[in-house]
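Before anything else, here is the set of structures, which you'll find just below.
You will see chain A twice below: alongside chain B first, and alongside chain C after that.
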Partner chain A sequence: MSISRRRFLGWLGAAGVGTTLGRSAHAAGNTQFAGYPDSLGVLFDATRCIGCRKCEEACNKVNELPAPPKPFGDLAVLERKRRTDAKTYTVVNRYENVPGAKGPLYRKIQCNHCLEPACASACFVRAFTKNSNGAVTYDESVCVGCRYCMIACPFEIPTYEYDKAFTPRIMKCTFCYPRLIKGQLPGCVESCPAEALTFGKRRNLLKIARERIGLFPGRYIDHIYGETEMGGTAWLTLSGVPFRELGMREDLGTTSAPELTKGALSVVPVVASMWPVLLTGVYAISQRRDKIAREEKAAAVAEAVAKAQAEAKVKLTEAMARAEKDKKSAIDKEVKKALEEAAKTKAQESAAAPADVPEKKPS
Partner chain B sequence: MMKERSLFRRTGLVLTLAALMLAFAIISVQGSAPSAPPADDASKPRADIIRIDGLKQFGKLERPAVVYLHEKHTQALSKKNKDCATCHLPDKKYMSTKFKRLTDASKKTVMDIYHDNCTACHRQTADAGEKAGPVVCTGCHQDRAVASSWTEIGMDKSLHYRHGKAQENKCEVCHHLYDPAAKKLVYVKGKEDDCRYCHLEKTVDNAISMRMASHAQCIDCHRKRLAENKDAGPATCGGCHDAATQKKIQKVKDVPRLMRGQPDVTIVQAVKRDGQKVAPFTRMSVVPFNHIGHESYNDTCRACHHSSMDACGKCHTLQGSKDGKFVNLQTAMHRVSAQASCLGCHDGFQADKRCAGCHASMPRKDPPELSGCASCHMPKPAAATPETEPKALAAMLLEARKPVTATYADEDIPETVEIKALSKQYEPAKLPHRKIVQTLVKNIKDSKLAGYFHRDLGTVCQGCHHNSPVAKKPPACASCHGQPFDGRNLFKPGLQAAYHLQCMECHKDMGIEKPVATNCTGCHKEKL
Partner chain C sequence: MPVRKIVIQKPALTPFNVVAGIIVVVGLIITVIRFTQGLRATTNLSDYNPWGIWIGFDLLVGVALAAGGYVTSAACYIFGLKRFHSAVRPAILTGFLGYALVVLALHYDVGRPWRLPYPFIVQQGTTSLLFEVAACVALYLTVLFIEFTPAALEWLGLKRARSIVVKLTLVLTIFGVVLSTLHQSSLGALFLIAPSKLHPLWYSPYLALYFFVSSIVAGLSMVIFEGSLAHKHFHDKMDAEHLREADGVALGFAKAASWVLAGYFIIKVIGIAQTNAWGYLGTGYGLWFLVEMLGFVLLPCYFYAIGAREKNLKIIRRTAVWTVLGIVVNRFNVGLIAFNYHLPSSERYFPHWMEIGISVFVITIGILAYKFIVTHMPILYAHPDYDAH
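And now, the complex of A and B:
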């Protein structure tokens, strides 16, 4: 017996419901990751940034990145909006004629080192690590180059070495992880002449940011960008104008990327581990049914054959018997006939002569 | 045969070209249409934009409010020798500010009045072959963005003086009070108030809104005078409300003081209320107030007297009262965010370029630093007795105030200060120290207010030498500022940032453009 299409879909549906049932229990768990304790961060204060590009220069130097076509001292580069690329971990953009600002404003762009990074949650080979010091680092040795991280990042930070045919890597700010573990400051922070970049423990940076907002309420927007965005980031931003004016997304919400996707992604292990078992089971059941059906069929056929053979034998025997009988009766008949003929002739003879031959009885 | 074909081909070519050109012309006309200014110069900001959305009072609007350009209509009508009465009906005393009606009876009637009258006039005009307004729904009911130059206008001292002169100082022409007993408007000499005290933003009880009151009374008078060919104020929207036009309104300097029983000098204090035998007692030293001085600093009385011409303490009692919306005297005088409070107004002066260099970087504290209290709250002079009249006491105290307009002697101020913090990369930066001090002193010299508050010779130094007591030789920057990102001193910048922030932010706030902040060698000479 084979399974019908309807039954197969029914099984799939049941399997689907089964795998999603686990989700509500998961969501009900009161778990929230608020970052590693004492992890580090940087507070970028847009009201202090003068757009000197010293941070870009230092970043390029300490990370041994290729020299840009134009020197870092050339501020004409700021004429257009730039983004990070495979040769640039950080860029500073200029924003002119922002309402409420006294002059041009600047914003530094780099990896924000999310507390729960979207790139890491999207990576299926775990090439990204959120280190306990706050840095989100990348391991090129396991990367398969799928670039899901680039799509996952809400800040459009990871970039790809498209110009490398054989060893392309994802490139992004490392928070100067190698320097941090040696007790050095990140390159950009060290080079900033106006402390537009303040380095420290993230919890202290939040205190500093709140202090600044509190002391100069007219100077700052009452919000620390990165405190809650995407579940919080190690890099925080203060601004005197709405953040959208500095090209920053204000639609990100406060939920981290893994939190957003864990409902769907939590199904993945189940799908990956359970489904083969389930489908194998489905297959095994159908196989077994097929086998039983086959055996039953074979038995039935054998029985039928035996029965038919037996019947045929009986018939044959009967037919043989009948034929024998017929043959005997025919002989008898013939014999009788012959006898009668003979008797007749004898009678005729005996009429002429006495009948002395006895009458023969049929058997 | 060949000739025929070539002719055919040529015609085809010409036709194709013509079609292309036509298509191009259409595209370019369509493309340029939105950017080209329409005939009535709609791109210019206007002061006569009225949103006709009166039906809001009957519920949600079904269609977008009509963006109505008032002056466009008055101009069109004046060409046909039609005046305001074409649209506005006469009311009791003045013409109604509503369109073709006196009251808003119901949604249906108001809507019909607009629909019938507007479209009727538009149709008539169109039938006469003239340019006319729309007659279909969306012609008027559409969200149009018209740039506005509308600015609020009010009487200032100069305008008030000019009106008084034109009306031969007959205050009763404009000023009135409502007598609830007689249920009519009366004039009481010496009780002239600001229009806005009674005529609020919206009509309340017997007082129509400020908007209706001013449009009825001002325009009526202006129109009558214009009709008599007398010197008159404007009767158009833009005449009063256009930002550019407002700037051209003639200003009279040295307006004679407007007398309404106010003191020259007084003591700011809680006022004795009805039923109280003695004036409420405050433990603070009293504040003398130079009323006559403040009259000259301000354009209007309502700059301080926001809701009544009474003394502040009448409504703003020590504990707060209903009349004063429970804003107590302390808050009324000290609230930095309130424009009518002492500190609110004084604080605003710190935004001036000359002051902002130091003051923009100083945190606003609410309540302010206690050391500043004595600037206003002065101890009673020895000559004063409990019987001294408040006015006499105020005069004595104000006399005692001596504005400071100087700092230490030049020889005590270092001429240049060499900053060697970055000497590994650059030559030492030479700070023109004395020049900076002299500039700051010059900036405060002409302001009596600044003079009062920079009381000590060294107060002006504290713009840079902050967080340490006033001294002729304040501590060096490096004695507090060191390595950056010190976990034990979270809020203190490192030395380099301390220098840079102070110089750069001061320059930015004072509008000093050179040296540019990104030009390192503007301050630090290249090391050879």
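And now, the complex of A and C:
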């Protein structure tokens, strides 16, 4: 593991919670990673390159890459624009008829070994390492083959072994890392007959480049390509013509790759911590809304029932009372009727037997 | 494998079975070529174009169109819109199948698919947006699987297991929304690292937001679209609740989609203003950008609104198809068309027929799996032995 800020962002992304808040305050501060101190680099001076392809040959040899179909001495290869591929870590391209240049110009392409590499930032298995000596190296033993590094690289350097079905690898310049740690020069630097490649500590190379620009202001564009591009690269380029004439992009900006993605990564803990709280709140609100609706409904129903019951009760009581009254009046009526009946019978009886009654009441 | 089962069990040579059978056979042949000869033999991928339609379509579009699961379950269980309840199970099913197929398609795309678990078990590249995508997709596929299991458990008659899973509904739904927010947005954020390669009209610091908001539209539209397809082909499987609610789901979702599309259009305009990319509108890419913005964002926004207002299901269903197409256009633009815009046409990518073959194969497997599941499990109807959850 290499850069502390990247590491921090990683933790932030992985943890997704507020456990890293202490570091957050630190990283949000105005700290900046300007590359490993004393890291190495190479200065490529395009005004010196003669397009001999010796660097390509040396690269092919020291990295034990397969031999190309045409020998390296064949300069007809320069007729068309080439790029790095799975069998080539570095290529030299020729640029003809560049305004302001007397003859053809050449540019060497290889990994620029960014100070904060996009490939390493993009890799989801950390297959890339930015070593403290400046080299960006690749570990094929963990690579899944997603090729996001190739998407991410602004210089279009990493390539893929599309031909292999079982063990495809990302292929790219290693800055001759195995040679560097043995104290040897990168293959290309060692082989350059024109001293177009200068090897050294990056900060010294920047001084050398400025000296050259200062000594020969007419010969150079006043810019060191790679000093700030995409956050800075270990490989630097000097040119006598605008860099776009050599197929180099001038619109890359100075923001490093981790800087470009840290905003999106910093959203992770916010979403992971805030969303559950908010959504549970929304759930609680909707539940409560439903509960209140249910309760109101129940209350309304209960009220309606109570009212209906009360009304029914009143009605019943009235009906009962009426029934009682009716019953009573019916009884009275019956009693009255019976009494009348009885009285009538008695009167009839007394009228039917007058002989039996000798004396008559005075009426 | 359910695919084979269907093909064998129904020897009836319906046009559907014949076409599906041919696609499956061709897909299996390409599969063999892919895994024995490598990517060169089956794709037009190159060092300039490391991602083709297996990422641009199968991953970017696939994940967006599988958003119906989180959108519908959130509407029903979190926002308490119970009238969408009958739409949850079909949406969860298509979401689950969608994500499963995304993961299947990734096996074709990455160089060493057997190492796909490496980011979790060997080394974590947590600085990568792709790690976020991978972690969330893996977790969300698991969540969708668990959310889907009640239907399978009812089918199998495992009442106890089902009742345990049903109790997790709310937690799973919230977890699903969190994970979806993260990975839908980070699919867009994948491209934040390459401002020099993606055309300025599509590159924006808001890419993550764009992908998330448009995934909501994609989810809503897919639920409407799948609903209308299901009504056509599986009408007999639907119960009274489903049939009663279906029109309401389409109307409600159309209304929501219209609002979200309007919001999406506005943030896109703000994005153009923020990066001050107005000048590019006059170029060829600008014209294509306007086609996307006016034809596939503003137009469906308008027709969804009309459809919802007039309660016109025909308009809504057609708009849903158009919107889904718009999502495809947008993801293709970001992933393929406006990506590498700076390269000469000779270096640009166009898919190999075998790449298209695998994408069609993957979709066909999805349709066959969907067909098998809705004809066997209680998806479009509630199982009579169980209460709704």
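Convention: the second predicted complex is superposed on the first by the 237 of 363 C-alpha atoms of A that agree within 3 Å, B and C clash if a C-alpha of one lies under 4 Å from a C-alpha of the other, contacts with A are read in each partner's own complex, and residues count from 1 in each chain.
Keep this in mind: a contact is a pair of C-beta atoms (placed from the backbone, for glycine too) under 8 Å apart; a residue touches a chain by one contact, two chains touch by 3 or more.
Please read all numbers here as calculations on a predicted model, not as lab measurements.
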{"item": "Contacts of A:126 with chain B and chain C, given as first, second, both or neither", "value": "second"}
{"item": "Broader residue contact with chain A after superposition on the shared chain, chain B or chain C", "value": "C"}
{"item": "Contacts of A:50 with chain B and chain C, given as first, second, both or neither", "value": "first"}
{"item": "Partner chain in contact with A:76 - chain B first, chain C second, else both or neither", "value": "neither"}
{"item": "In the complex, chain A residues that touch chain C", "value": "6-7, 9-11, 13-14, 83-86, 118, 120-127, 142-148, 150-152, 154, 156, 158-168, 249, 251-253, 257-258, 260-261, 263-265, 267-268, 271-272, 275-276, 279-280, 282-283, 286-287, 289-290"}
{"item": "Complex contacts: residues of chain A adjacent to chain B", "value": "48, 50-52, 75, 102-103, 185, 189, 192-195, 198-201, 204, 207-208, 211, 215-219"}
{"item": "Chain C - residues contacting chain A, complex", "value": "35-40, 43, 45-48, 50-51, 74, 77-80, 109-113, 115-116, 118-119, 122-132, 134, 170, 174-175, 177-178, 181-182, 185-186, 189-197, 205, 208, 342"}
{"item": "Chain A contact footprint on chain B (complex, rising order)", "value": "360, 363-365, 484-485, 487, 490-491, 493-494, 496-497, 500-501, 504, 508-509, 517-518, 520"}
